[in-house]
Amino acid sequence: MSEALKQSLDVSLFWEYRGVLLEGLTFNFFVFLCSAVVALSVGLGAALLRMNRLWPIRWIGTLHVEVFRNAPDYIMLVWVHFVLPLLIGIVIRRRVEFHPFLSAVLALGLVYSGYFAETFRAGIQAIPQGNLDAGRAFGMSERLILWRIALPQVVRRMLPEALNLFVSMFKATTIVSLIAVPDLMYNVSMVIQQEMRPLPLYTGAALTYFLIILMLSSGVRVFSERWRRKILA
Amino acid sequence: MGDVPRIRIADLHKNFGPLEVLRGVSFDVHRGNVVSVIGASGSGKSTLLRCVNYLEQPNSGEVYIEGEPLGSRIDARGQRRPRSLAEINAMRRELGVVFQQFNLWPHMTVLGNVIEAPIRVRKLPRKEAIAYGEECLRRVKLIDKRSEYPARLSGGQQQRAAIARALAMRPKAMLFDEATSSLDPELTEEVLGVMRELAADGTTMIVVTHEMSFAHEVSDRVIFLHHGMIEEEGPPAEIFGKPKSDRLRQFLSKYRK
Amino acid sequence: MGNWERLVWNQRDVLLAGLGVTVEVCAIAFTVAIIGGLALCLVRTYLAPLRPIAVVVIEFFRDTPIFVQLMWVAYVWPEMFGFPSTFFNAGWLALALQSSGYLAETFRAGIEAVPRGQREAAFSAGMSQSQTFARIVLPQVALATAPSIVNQFTVIVKSSTLISVITVPDLMSQSQKLVNVWYEPIEILTATAGIYIAFVFLISSAGKLLADRLLQRYGLNAS
């Protein structure tokens, strides 16, 4: 065991390939950024649908949220990458293929739109009715009330929860290697194929992610403490 | 006193499900007049005020602002049709509302609250809105707090900020919905002082209130509401000095200390 | 539709076998996670000298993404520690480790939420530390954290899709096998996604019911 232990703790191999691996990590970051945009916008849309006056529209929003919130990331990734292009291809009668990056962004964005929709909804419901009444009393349109009165307050209230979701999303980007997006884990497997030494690389990857996420989530924790105190002052 | 009343309330009825809250309320408010509405809880005072700017839609009856009906209009072909929300919003600009819970928007500073509607609804340029907004804040003696957030103000200060916010829209009339009921006694007086000044300046006001001495002092007319109907109305001297109905006498006796 | 019948219904044995493996792995992982999480929490709270180690371990399991942890446990641990010996074991072990990190924090919040006065009341009545813990603190923690624990089970089920990557024959793996045989991914993958979504939905609905019931009977809010 000591030989293997020494080998796996000998992360110099990991360090040697740091250039390639860092490139992979930036891919994780880009996937995260793009998915976050999708998740926020679709999530907001779904939350607003759920608050519509007409019940069929509300039902569509709820369906969206329940489907994507309960779907495992990986199956959604595989489905978006392999099934969705075929479905679109049937409709427009041409062969369609998704670039893996697109599938990754779409799949993760949709899954997390479910979580963000719930976050938005909780935030909107927490706004005191009087604030909205005051807006109406001044002759503000519903759209104005949403963007100037409601959403700013939703963001302030739900920022800590949203930040936690962002950290989760970033962790979730590790699975995109499974549809050949050249992220960190994908490059790790490439190096392993070349060097035939998985131990230091997997250990190195685990340590790298541990440190990054530790920093991010500690930062979020500290920020959330201060933010909550400021908002509830 | 003009010919057309600033606000005319005509036979308002409002139900919440089976509960009849307003059962035919009618009165006029002329320019520069202050009308106070008093009554027990559940008499429909707040609902009445909320119907005036259509925050609650009356089941029947109409509200006229300088002769224009709020709920409906005559279209190009001479037909009467209900107003759209956008049109109602346009008319709401003319009424300033001060709520019991202040309802300042917590994510904006005091000045931000005051200039928000003038900029977004009246489409005033920012400089103009700030200039007039600061004038309104001076009027309520809150100019030094203009960069503060509502959470850091006392209740009395928040309510004065809310009054400035309503004034900044240059409304034709101001509606006060139990403006001092949420305030501690010490803070009530500072708000009543502002309201007194507004009345003295000739502001048209409808004031729903529990403060009987204030109503006595400031009103041109007092309306006593009971179970959704006007039980008695008249000048303050009569209402408070020589109440005619038993119910009014009972109501007032609770407030005599 | 013919395809659905041919590809999904007729293959239901294969899919159900996969679902069985999924449920098995998740059940084992869940049980181990609760025990592990509780152990970590108790060490962190009550064994002062080991506290820093426990904190680091909890953070490590929580922060490392599940996929990375899975690969690490499946390929590095056998060389380093001699276990897990099978990929099946690596599967539930990795899932359990990640969840035990979350549950340790959940339990900690639950314990801290029990008002101090209750412990003082128990001591004043003459109860010992361990009695107080077993009869007063633990039951309340269990009730308050039950919804979070159920939620963690849904997380395990959702993460379990990844064990197909280390060749554990779960539902995901079986459906991919079918796709490779029949070259018709649409019905098979959609049905698989549907099964997972339905399964997770059922569990989380049960969790919501549980949370409502707890709120009604005991006035407890989920921590």
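The chains carry the letters A, B and C, assigned in the order they are written, with residues numbered from 1 in each.
Note that in this section a residue touches a chain if its C-beta (ideal position, glycine included) is under 8 Å from a C-beta of that chain, and two chains touch if they have at least 3 such contacts.
Only a predicted model underlies this, so the values are computations on that prediction, with no experimental measurement involved.
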Overall pattern in which the protein chains touch one another (line/ring/star/complete/other): line
Chain at the geometric heart of the assembly (C-alpha centres): A
Longest centre-to-centre distance from chain C, chain (CA-based): B
Centroid spacing, where centroids are CA-atom means, of chain A and chain C in whole angstrom: 21
Interchain centroid distance [CA atoms averaged], chain B/chain C, Å: 57
Mean-CA-position distance for chain B and chain A (Å): 47
Junction residues of chain B, two or more chains touched: none
Chain C - residues contacting chain A, complex: 59-60, 62-69, 71-72, 75-76, 79-82, 154, 157-162, 164-165, 172, 176, 179, 185-186, 189-190, 192-193, 196-197, 200-201, 204
Chain B - residues contacting chain A, complex: 53, 55, 85-86, 89-93, 95, 97, 99, 101-107, 116-117, 120-121, 151-152, 162, 169
In the complex with chain C, residue positions of chain A that touch it: 1, 4-5, 7-8, 66-67, 70-76, 78-79, 82-83, 86-87, 171-172, 174-175, 177-178, 185, 198-199, 202-203, 205-206, 209-210, 213-214, 217
Residues of chain A touching chain B in the complex: 128, 130-131, 133-142, 144, 148-149, 152-153, 156, 233
